[in-house]
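Pasting the structures here.
Presented sequentially are two complexes of subunit A, the first with subunit B as partner and the second with subunit C.
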Partner chain A sequence: MTDKQREHLKNRIAVVFAWIAAVLFFFPIFWMVLTGFKTESQAIAIPPLLFFEPTLENFTEIQARTDYSHFAMNSIITSFGGTLLAMLIAIPSAYAMAFNSGRWTKDILMWMLSTKMLPAVGVLMPIYLLSQKFGLLDTKITLVFIYAMMNLPIVMLILFNYFREIPKEILEASRMDGTSTFNEIVHIVLPLAWGGIASTALLSIILCWNEAFWSIVLTTTEASTLTAFVASFQAPEGLFWAKVSAVSTLAVAPIVVFGWFAQKQLVQGLTFGAVK
Partner chain B sequence: MLAGFYWLGCSLVATVVGQVKVERDFREENMKSLRNTALGLALGVTSASMAMAGELTIATVNNGHMIEMQKLTPEFEAANPGITVNWVTLDEGTLRSRVTTDITTKGGQFDIMTIGMYEAPIWGERGWLEPLQFDAAYNVDDILPAMRGGLSYDGKLFAAPFYGESSMIMYRKDLLDAAGMTMPDNPTWGHVQDAAAAMTDKDAGQYGICLRGKPGWGDNMAFLTTMANSFGAQWFNEDWTPALDSAAWNHAVTFYKDLLDNYGPPGSSANSFNEILALMNEGKCGMWIDATIAASFIENPNMAYAQAPVAVTNRGANWLWAWSLAVPAGTKQKEDAMKFIEWATSQSYIELVAKTNGWGKVPTGTRQSTYDNANFQAAAPFAEAELKAILSADPSNSTQNPSPYVGVQFAAIPEFQAIGTAVGQQMTAVLAGDISVEEGLANAQKAADREMKKAGYY
Partner chain C sequence: MNPALARWLQAPSIILLFLWMIVPLSMTIWFSTQRYNLLYPERSGFVGFSNYEFFWTDPAFFPALTNTLILVGSVLLITVVLGLAVSILIDRPFRGRGIARVMLISPFFIMPTVSALVWKNMLMDPNNGLFAAFANALGLQPIEWLQDMPLFSIIIMVSWQWTPFAILIFMTSLQSQDQEQKEAATLDGAGFWSQFYNLTLPHLARPISIVILIQMIFHLAIFAEIFVTTSGGPGVQSTNLTYLIYIQSQQAFDVGVASAGGVFAIILANIVAIFLIRAIGKTLTV
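Our next item is the complex of A and B:
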């Protein structure tokens, strides 16, 4: 076997493994969508049904019982709002850390990252009581603030890494010309790191979209998001798999479409630094 | 979350330490827009947090009868102009923690809460719930005495039952007939064991009995407590010391494990109501001892019903539970909330459901008049067994020997939730074969003892 043939074979094997991995990752999503079109008894049938007469009854019932668009709109507002707030805080902070790093910058970063290991439930009561005291229970502004705080460590870390890739010489040249810090960020750093900022924002939006704990605990009717919407379809006494699958399909659909259009930036962000 | 707050602090510090010189025009421009945004947000927040007059927010679970209540709510709104109803549907565990948090912090997020028989007397005693008072037309005496008693404290009704349940045996008569056996109306655990053995055919994927094994005070321990009661066991002695290391508990748990090991489906330690319901619908289980409400899901000509089995006593052999509606003390919509509960738990509501969906779909286990109705008797073959089970359950006398607590499948004390869950985990480990019965009960006794000491019972 020649080197070329060996290389070709290697590529073929890699492609096969990539397909297997893709199918494995995609299968739960596929099964969820499929189950959404089954009846409750078909959903629990053994052996599982791959071919069946599809029904829209789950989707019809969901629409009749609840206002999907209300939950979807809340998810959009809180995810984008939380991401925007996180970016507003993280961009200047990451800039400061990347271009004016000191002796303790790396240690501070590591310490900050380690705090991400603390469980959210640890601050449940303080957050709940504060929200209640300020009349902020069941409001979108609370979720926006919490989502921003929740994602800030990740957002800052990723932005910090992106910003470090920008050659310092460019910034030094601009400073020689008398550029202000604000103009330096807006006109030089942001355009150069635009791809990284976009992919970080996308990642943050997805994390906000999938957040369930706080949206279930802090909202009732006005600010409930799609994750609370999905959780409400679990039943302690009764079959619910088909309906939960249908409602989950509706909940993930917008973010899947959004992710599809933004996949280039997303892949760039997720694989950042992987092939340094 | 905490990390987020650390990060916010650190980000601000980093921003300052990094000497980011924000230009004055930028600051002023942004401060102006920030002020505008803050004003807008404040207005938005204020308007969002103000409770609308005549607007009821009800927290509930996603059970079939509750869904039906939501569908019929426009009838209530039409009859009561000016009142609108918002539903918040949560899964059972989340509902419990949400309403507990709301009620203890006086959050005022809910005007009506769906609670169970465990919470009603405890919360009523603490003044967290409004006592319910209805006019004569409501006919409170029609509510089954066991339900009324279980939802009251000090003679006051704190929650109105929306639907109630006990536990009973639901079995495949066709399989038992084929085995040449019969099930008595009031069987013993010995009868159940024999029937399970006769109906088991593991090669054909047919299991004689399916029982709850998933850990939780409302999951495996609800069932296991009734079983232990019938073996003469109890949760606490009269001086409130835990009694889980008794011989009666050992007999009950050993019997339970042997029964499921020999005649139960594989993976029983992960099964609770919904998992077994699925197995029953697939025809995998010959017999199921669980909530009477399950009968309405699995009813078919092959199904038959009997009372929960007994060993040495019939006291506490079948549980008692009610999903009920209560009004938290902090609500500003007390009168409207009372009106809604009066409507949703009345006999006329049951008739409305019957008219809409048929008598087979009405919420059961609450009113004597439902069981007296000939149409209901015809539509629900399980009605007689269900009523008998509910009437025979007595929360204030559920153990063979005297005990200091009220409740059949639980002890109505605030500490029980934690104790029941900890003990449930031990029992699941026993069932899975990870530890022995003796070890499991010893661990359970220790956990319960620690919790009771901490709470200051002795």
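Our next item is the complex of A and C:
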């Protein structure tokens, strides 16, 4: 066997193992989706069924059996609301930092990131008691605010990096023409950074959607998001695997797809910009 | 833009984040020195460090601390080793690579409560779960995963979610590796391991340390997986510090002790954060 053939064979083996890893990692998700199409008795059948006549019943009757849309709506409102708030605060700030960076800019950004490292459980009591005092327990407003604050540092950092990539010459030219700062942001910076802003928002939505500490601790039913709703199936009486699987499938599907699109921002956002 | 306007634009984010940090933080520190139980509001007052003493003389404290360290350490080891292996395997052109990539990173986007339920019920359930079916098919006694090895079960779940994170980061970094250097090394007859040690590992040194630090921050705070699967049990076998503090606050309603625990958690996270911030600071160009 020549060196080239050996190299080729090695490559083939590596690819086989890569696929094995991919199948193993994806299997629990596949199994969950599959179970969503079973009847309850098929779902707990022994031995487990790989081939069966699929039913759509779990999906079509999801609303009758659970209050799915209520929780889905809460998830949508809190993740989009939290993201919107974070973006509204972050865009002007990151813009100012990127184009008017001063001596403290780096320190400010680093400090912002450090607030992200404060463990939630460390401030559980104050947040809980403050929400209680102001009658904000189990409300979407609380979650929107917390999610915005949680994601603000990451959003700031990614936007800062995006804005810095905009060539300064373009802005200078427009300033020569006497464009105001507001017009500069709206007509020049936003269109140029649009892709970056959209994918940053996507990352923030993913992080809010999957947040599972505050949503469990601070809500009971009124403002519960899908993460908290799914957590409520932990009780033994929640042994409706097919139903839970259908709910779970619907709950994760949009976010998994978002995740595929936001991979690059995810790498940057979750490593706080250290890996690009 | 004039400097004054720049300051005005920056102010909201800085002020809000400052309040978001300083208000709860000082309240936690304040509560931790107070006698404060929601069930007995009439008993109050300054108690010095006795909440701290109560927290770390609690018979659950030491197991919780050990569990936290075992959980974080094991998950780190598994995710980094597996993440390295898989990202190297997939770092070559082949048909369907995009699909394999998507399959590999998908678990990371599953919400923690869903992944906990999928593992708890459909995979690890000793009666109807898939693992039990495999054991039965092989003529073995099915394992009572959450009963007999609760902490290990949680390590598996968390690793399943976070190995994709390591894969994603390492995969991204490997793309920037100098291919010509690798080809030259191959031509010179350098074997896989020699290339791995001398080229790949040094190239990934930074991403590896970042992955480790970030995972430490997140894994010190693991909550939902435990909440949904074992509730910290049996006994305190799968209780970590986060869950212990949660119990103190939400079941014992002891604000003082929970806050003392909170301060402890913050200090622990900060030890990691110092290194992380330093590592990030090196890459942030202003």
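To be clear about the criterion, the second predicted complex is superposed on the first by the 184 of 276 C-alpha atoms of A that agree within 3 Å, B and C clash if a C-alpha of one lies under 4 Å from a C-alpha of the other, contacts with A are read in each partner's own complex, and residues count from 1 in each chain.
The definition used in the following text is that contacts are C-beta pairs under 8 Å (C-beta built on N, C-alpha and C of every residue); 3 or more make two chains touch, one makes a residue touch a chain.
Predicted model only: the values in this text are computed from it and were never measured.
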In the superposition, subunit B vs subunit C on subunit A residues touched: C
Which of subunit B and subunit C A:242 touches, first, second, both or neither: neither
Partner chain in contact with A:220 - subunit B first, subunit C second, else both or neither: first
Which superposed partner A:256 touches (first subunit B, second subunit C, both, neither): second
Touched partner set for A:15, first subunit B, second subunit C, both or neither: second
Which of subunit B and subunit C A:189 touches, first, second, both or neither: neither
Which of subunit B and subunit C A:41 touches, first, second, both or neither: first
Which superposed partner A:136 touches (first subunit B, second subunit C, both, neither): first
Touched partner set for A:266, first subunit B, second subunit C, both or neither: second
A:197 touches, of subunit B and subunit C: first, second, both or neither? neither
On subunit A, positions contacted by subunit B and by subunit C: 44-46, 89-90, 92-93, 95-97, 99-100, 102, 105, 108, 112, 115, 117-118, 120, 122-123, 125, 127-129, 149, 152-153, 156, 181, 216-217, 231, 233-234, 239
Touching residues (chain side subunit A, partner subunit B) in the complex: 41, 44-46, 65, 89-90, 92-93, 95-97, 99-100, 102, 105, 108, 112, 115-118, 120, 122-123, 125, 127-129, 132, 134-141, 146, 148-153, 156, 180-183, 185, 214, 216-217, 220-224, 231-240
Residue ranges of subunit B in contact with subunit A within the complex: 1-8, 10-12, 14-15, 17-23, 26, 41, 44-46, 48-49, 57, 59, 61-64, 67, 70-71, 86-92, 94, 98, 101, 105, 107, 109-110, 273-274, 277-278, 281-282, 291, 293-294, 297
Complex contact set, residues of subunit A against subunit C: 7, 10-11, 14-15, 17-19, 21-23, 25-26, 28-29, 31-32, 35, 43-48, 89-90, 92-97, 99-102, 105-106, 108-110, 112-115, 117-130, 149, 152-153, 156-157, 181, 184, 206, 209-210, 212-213, 216-217, 226-228, 230-231, 233-234, 239, 241, 244-245, 248, 251-252, 255-256, 258-260, 263-264, 266-267, 270-276
Subunit C - residues contacting subunit A, complex: 1, 3, 5-7, 9-10, 12-14, 16-17, 20-21, 23-25, 27-28, 31, 85-86, 88-90, 92, 94, 96, 99-123, 127-128, 130, 133, 136-137, 160, 163-165, 168-169, 172-173, 186, 192, 206-207, 210-211, 214, 217, 220-221, 223-224, 227-229, 231, 241-242, 245-246, 249-250, 255, 258-259, 261-263, 265-266, 268-270, 272-273, 276-277, 279-284, 286
